[in-house]
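Got some structures for you, see below.
Next come two complexes built around subunit A: one with subunit B, the other with subunit C.
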Partner chain A sequence: MSYRLQRLPVAKPSVAFAARIASVVLALLTAGLVLKLVGMEPLALAGRVLKSTFGSSFGLEDLALLFTPLLYCGLAVAVALRIGAWNIGAEGQFNLGAFAATGIALFVPGPDWALLPAMAVAGALAGAAWILMPTLARAYAGVSELITTLLLNFVALLLVYWVSTGPWLDPSGHALATTARLPVAVPEFWGIVHWGLPVALILAVGLAAVFAFTRWGYEVRIGGSNPGAARYAGMPVRRHLIAVMLLSGAIAGLGGMMEVAGTVGRLQGGISNNYGYLGIMVAVLARAAPLGTIATAFLMATILNGGIILQTQGLTTHTVLALTGLILLYAAIGDEAAKYRIVKLAKGA
Partner chain B sequence: MAAPSIQSRLGLVPGTPPLVSLRGVGKVFPGVIANADVDLDVFPGEIHALLGENGAGKSTLMNILTGIYQPDEGEIIVGGRAVSFASPVDAIAAGIGMVHQHFKLVRAFTVAENIHLGWSETPRRISRVALETRTAELSARLGLAVDPAARVAELSTGEQQRVEILRVLARKARVLILDEPTAVLTPAEARELFAALRAFVAEGNAVIFISHKLDEVLEIAHRVTILRQGRKVATDWTDACTETSLAQQMVGREIVLSDMRGTERGRIGASVLALEGVSLMSEGVTLLKNVSLELRAGEILGIAGVAGNGQRELTQVMTGLAVPTTGRVWLEGADVTRAGARRIAAQGVGHIPEDRLHAGMAPALSITDNAVLREYAKPPLSLGPLFRPWRATRLAREIAAAAEVMVPSFEMPARNLSGGNQQRLVARREMRIASKVLVAAYPSRGLDVGAINTMMRYFTELRDAGVAVVLVSEELEELLTLADRIAVMFHGEIMGVVPAEGADIEAIGLMMGGRRAA
Partner chain C sequence: MDILAGLIQTAFLAGGVLALAALGEVLAERVGVVNLGVEGLMALGAMTAITTVVASPHPWLGFGAALLVGLGVGMVYAFATVVIRANQVLSGLALTYIGTGMAATLGKPVSGSPSPATFRPLDLGFLSDLPFVGRAFFSHNILVYIIFLVLPVVLHWLMFHTRHGLNMRAVGENPAAADAAGIPVMKFRFWYTALGAALAAGAGAYLTLAFVPSWSEGVVSGRGWIAVALVIFAGFRPVNAVLAALLFGFVTALGFVGQARNWPVAASILSMLPYLGTIALMIVPVLAWQRMRRLMAAPEGLTEPYFRDVR
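The block that comes next holds the complex of A and B.
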């Protein structure tokens, strides 16, 4: 009796899912081992993280507030991946969305019921505008959107720093580096959790449905997988590329609007908090599936939240970044390993 | 009287052991038996052909022999001992090397760098000049002329193949496996290759030659082993075989390679597709020059010519993938010059593209997604903007059934299908929409006799149903048996159009070389 590994052309979904779970568990175990080696008590720390996150409604509310922007950014990156584009600029689009929404809130008078939708539209449009140039450069000149979207992040970040410490600085003099509190806020429905979260969840479900059950979704799938085949079938590949990339920017921008008008209440530098970059990981772990993004954004939120709690225990934020890196590494290994199965051979070979 | 032994017929000392033997080799993939109980002996001095339809298990068997796969059953015997190869590195160390159909060279590297890449005998530190000198020595010693300093990307396909062979031989291979080596070669290059192979085996080495081309197998090989559905059918001396006998054993049924032209004259109908003075320029290069063609319902128009003389562009103009710089395209009297691929397809023009995997399919997507590429936008698959995946799967099943392709799962990426099955699916998909015209570019490329036969039957079916078929092919034989008229292309121009019946092959050959029809 002997055993041998056999490679399958495609991994079975159940095995692939199990491999994902295993990769997260292994990453946590590895991190725990390292903590143990430096003299910490990983089990006690884990217990503390779990207790503070899931043990109280305060913890869960904090988790939900982290989950929301990660979901928007993850969806933004995932959508672009469907047409084969890497939106590394969700961070910048998120900032621009927050910026535009703040502008409307601070300088446009109007009733709340009109202001909030206007802010949402402005946020989404600003996000889309921020990816417009990379989109056109990619669609008409073949310029890699990887670099252009990334570089625009720094511009967006600095723009928000500048307005929130300069022209838009809180005139009351109480705040040093933020704008005044916005006169409107996204309403809350549970503790401090606002409607930004359910909107993001509905968006994820809606996107999944659009990709699976519309002609447009089918064309985007073909165009993203093989533009040559899409042209052969007469699909407007360039038009779809432009539409999808703008949609991606708009989703990130909407996320920024929800963050500033729901969670933070004021525009301040660094409001994006790396959510745009973490969104790349969220989308890749979900294999660009909108519904999967819900799960991976939740996972990422839990890890981030754990990191915040660990900081009170004397660990740096780098620990958390290392942990997310470990998860990605193990997930990549797990994806490959899921394609193998062990077969039993009747006779020795 | 006992039959003379294999050894004596090959001029070997009686009792000479084979260089390599396979004994009862079997390999199972999920849902597929790729090989079962295959025996194979390859002797020194022998060119041994391996013949079989697409999916007959030739590639799997050779992948087992070269350590890419491990057998589930049976054993490999080299030099009298059972061996087990964990990887191609082990196989080459035992003297077995393979040149794959798709070359495994680094295009940005020079010939010398490619030869020395991943070779245990490459010195750890070596200058570029020394690397090239070593390569030049190898090239001279093994009689394969290459330019050591040239970049692989700049070489012709034939030259790249020579680099691949040199790479294998430099590692002291005694058994050289070639997977359809002539598919990418010009006739002159193929002759050179055959001469090199004969010289190689004359020194007591052996060649395993995988091919679909029956005439070639009869010409070059001493013995031939035929595989069918993963099993060995027979091993014969080629001098006792004919093309017909080989084809029958390979396919397992009678096949007709003879005249398939329509018998009833006068069935040819009205003009369907017409090109009028079509020229196509791209970046200052003339790809098509003043092409005028008329295509009538119920005829097969063959397009002959050496590949790269404008055939691809011609099919693109006919199917709306390219807009001619000057000239017009008419479809049943309507100007479709600028209609675009979608509208032309919707009006009943099917297209089997030259590079099916990259132009006609999305290999990473599911078989369902690929099968419905032409009909996804119409009811019942789509209602308005809504797409219905369950109806897509139903249509994919229908197409696979018509194409006689066994599909274990319609969710499986299309790239997991064999080349022949991909081609059949694409052909069937296009036939469904080709109510007026089918444009087929090199539909038989890479297919075996049985699959080619099926493909040709598809075309005659369409023709008999009154569809106009454009068949682009390099195989003159194929055009002569199938087409009603043959147009010959050279440097983007039509050199002449001749009726296939009673066509003078020599005259067509001259036109392919650039001489105009008298």
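The block that comes next holds the complex of A and C.
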């Protein structure tokens, strides 16, 4: 009796799922080992994180406020991945959404019930506008959207930093590097948690339904997994690509609007707080499934919240970034490993 | 004239970072492995270099330490992408996150303070004293000459005028054919990917030892990604990559001069120039030089993992 490895072209879903779980667990174990080596107590720290996150309604509310932007960004990246496009620019589109919403709130007079929808639309449009150039470059010239969307992040961050310290700086003189407090806010429904959260959840369910049950969703999925076959079958792959990428930017932009009008209350540099980059993790871990992003965004929010709680222990939010990188590396390796199975060979074969 | 000489001088200094990182990426991509972890490798290299010179103030020691760390991390990346054949985009992004995060965490003690040892401009005798030319071309540190003169010439010769270089390109273009011809595909991919990573970390060391020269969390700020984009623009050729980096150094220098001379444009807006310029350079050539497309094309086997049994 002998054994050999056999590689399947596509991993079995159950094995792929197990590999995802294993990659997260392994990364946490690795991080714990590193903490142990530098003389910290990983189990005690983990206990503290879990207790202060899930032990009180304050902790849960904080978690919900981190979960919301992660879900928007995760959905944005996931949608683009469905047609095989890498939107690494959710960070920038998120900033632009916050920027546009702030512009409406500060400079357009009107009643709340009209302003908030206008801000949401402006945020989504700004996010879509921010990804327009990379989208057209990819669709018509084959330029890698991965790099162009990413480079625009830096431009967006500089833009928001510039307006919030310059032209839009709080005229009252109380704030050094932010705009004035927005006159309208997304209403809250549970403690400090605002309606941005349920809207994101509805969006996730809606997108899942679109991909599962509509012809458009089907064509997008085929266009992503096998563009050649999709074109041959007469599907307008390029048109779908453009629509999906713009939708992706719009979702991230809407997330930015919710963040500035719901959570933060004013526009400031760094408002995106790496959510766009962490959103890539959320989408990849969920294998680009909209409903899956709910679970992975929750996981990432917990990890991010843990990082914030542990700041008093000399860790920084960047430590969290390193940890998520580790999860991603293990996940990439796990993806490949999940394609193998062990086959038993009969004697003499 | 003085402004122009200063601009050229700064262009070389600022372009050196991008040039070294881009040369490393050319090596990896020519054997078929795209490394999107350049940004993280640069952060790690920059942090390693300054931590080393704080302990012992010799610039070469700091630079060497960064190269070694880059080689080590590059071997991990090559193990994941070449040996295990994991997805290169995911692994590269992971490397960017890990490198950026680790460098920011470990670099905290040395954050903000200037580097105690730097690569100083060489005195080239009467050449350095020449008007205009002296300031523009002969007032640089040793790394600038290595990056802009020695490395591109050596790499161009290696890649396009030796048997070894032909094998290397074959591995990137068509690994199955290269394998059939007896070229050790995995060895080529593994070691050139690791070597490219070492150069990326070296570019980070250049930042903290010759260009900025100090460490802060945001010191790399997208330069790694610009380097990756330059490689595409440069058609995966070392000499072009260095020239493109110089062009970008010039754009960066324009921003500096603008800030120094109080041009009526906000500093943040001037800082956008390199990013916007990179995007323009990625889009314009594809539209403008249709005929150059084949000549400048990416290696055929780029990002494709190689499996001997499924060819």
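In this text, the second predicted complex is superposed on the first by the 313 of 349 C-alpha atoms of A that agree within 3 Å, B and C clash if a C-alpha of one lies under 4 Å from a C-alpha of the other, contacts with A are read in each partner's own complex, and residues count from 1 in each chain.
To be clear about the criterion, a residue touches a chain if its C-beta (ideal position, glycine included) is under 8 Å from a C-beta of that chain, and two chains touch if they have at least 3 such contacts.
If you're wondering where the values come from, they're calculated on a predicted model, not measured in any experiment.
Undergrad: Quick one: classify A:E41 as touching subunit B (first), subunit C (second), both or neither.
TA: neither
Undergrad: Thinking of the overlay built on chain A, is A:I147 touched by subunit B (first), by subunit C (second), by both, or by neither?
TA: So A:I147 only meets subunit C here.
Undergrad: Looking at the overlay, what does A:T316 touch: subunit B (first), subunit C (second), both, or neither?
TA: The answer is second: A:T316 touches subunit C but not subunit B.
Undergrad: Applying the document's definition of touch, where does A:S225 land relative to subunit B and subunit C: first, second, both, or neither?
TA: first
Undergrad: First (subunit B), second (subunit C), both or neither: which does A:A332 touch?
TA: A:A332 contacts subunit C only, not subunit B.
Undergrad: Return the chain, subunit B or subunit C, that is in touch with more residues of subunit A.
TA: Counting contacted residues of subunit A, the larger count belongs to C.
Undergrad: Under the stated touch criterion, which partner chain does A:A137 make contact with: subunit B (first), subunit C (second), both, or neither?
TA: A:A137 contacts subunit C only, not subunit B.
Undergrad: Figure out whether A:W216 sits in contact with subunit B (first) or subunit C (second), or with both, or with neither.
TA: A:W216 contacts subunit B only, not subunit C.
Undergrad: Which residues of subunit B touch subunit A in their complex?
TA: Within the complex, subunit B contacts subunit A at residues 29-30, 70-73, 75, 84, 320-321, 340-345, 351, 353, 358-365, 369, 373-374, 376-377, 382, 385-389, 411-413, 416.
Undergrad: Please name which positions on subunit A make contact with subunit C in the complex.
TA: 7, 86, 88, 133-134, 137, 141-144, 146-148, 150-155, 158-159, 161-162, 166, 277, 280, 284, 315-316, 318-326, 328-329, 331-333, 335-337
Undergrad: Please output the residues of subunit A touching subunit B within their complex, sorted ascending.
TA: Per the stated touch rule, the residues are 4, 6, 8-10, 212-218, 221-222, 225-226, 228-235, 343, 345, 347, 349.
Undergrad: Touching subunit A in the complex: which residues of subunit C?
TA: 36, 40, 80, 84-87, 89-91, 93-102, 104-105, 108, 217, 221-222, 225-226, 228-229, 232, 266, 268-269, 271-272, 275-276, 278-279, 282-283, 286-287, 307, 309-310
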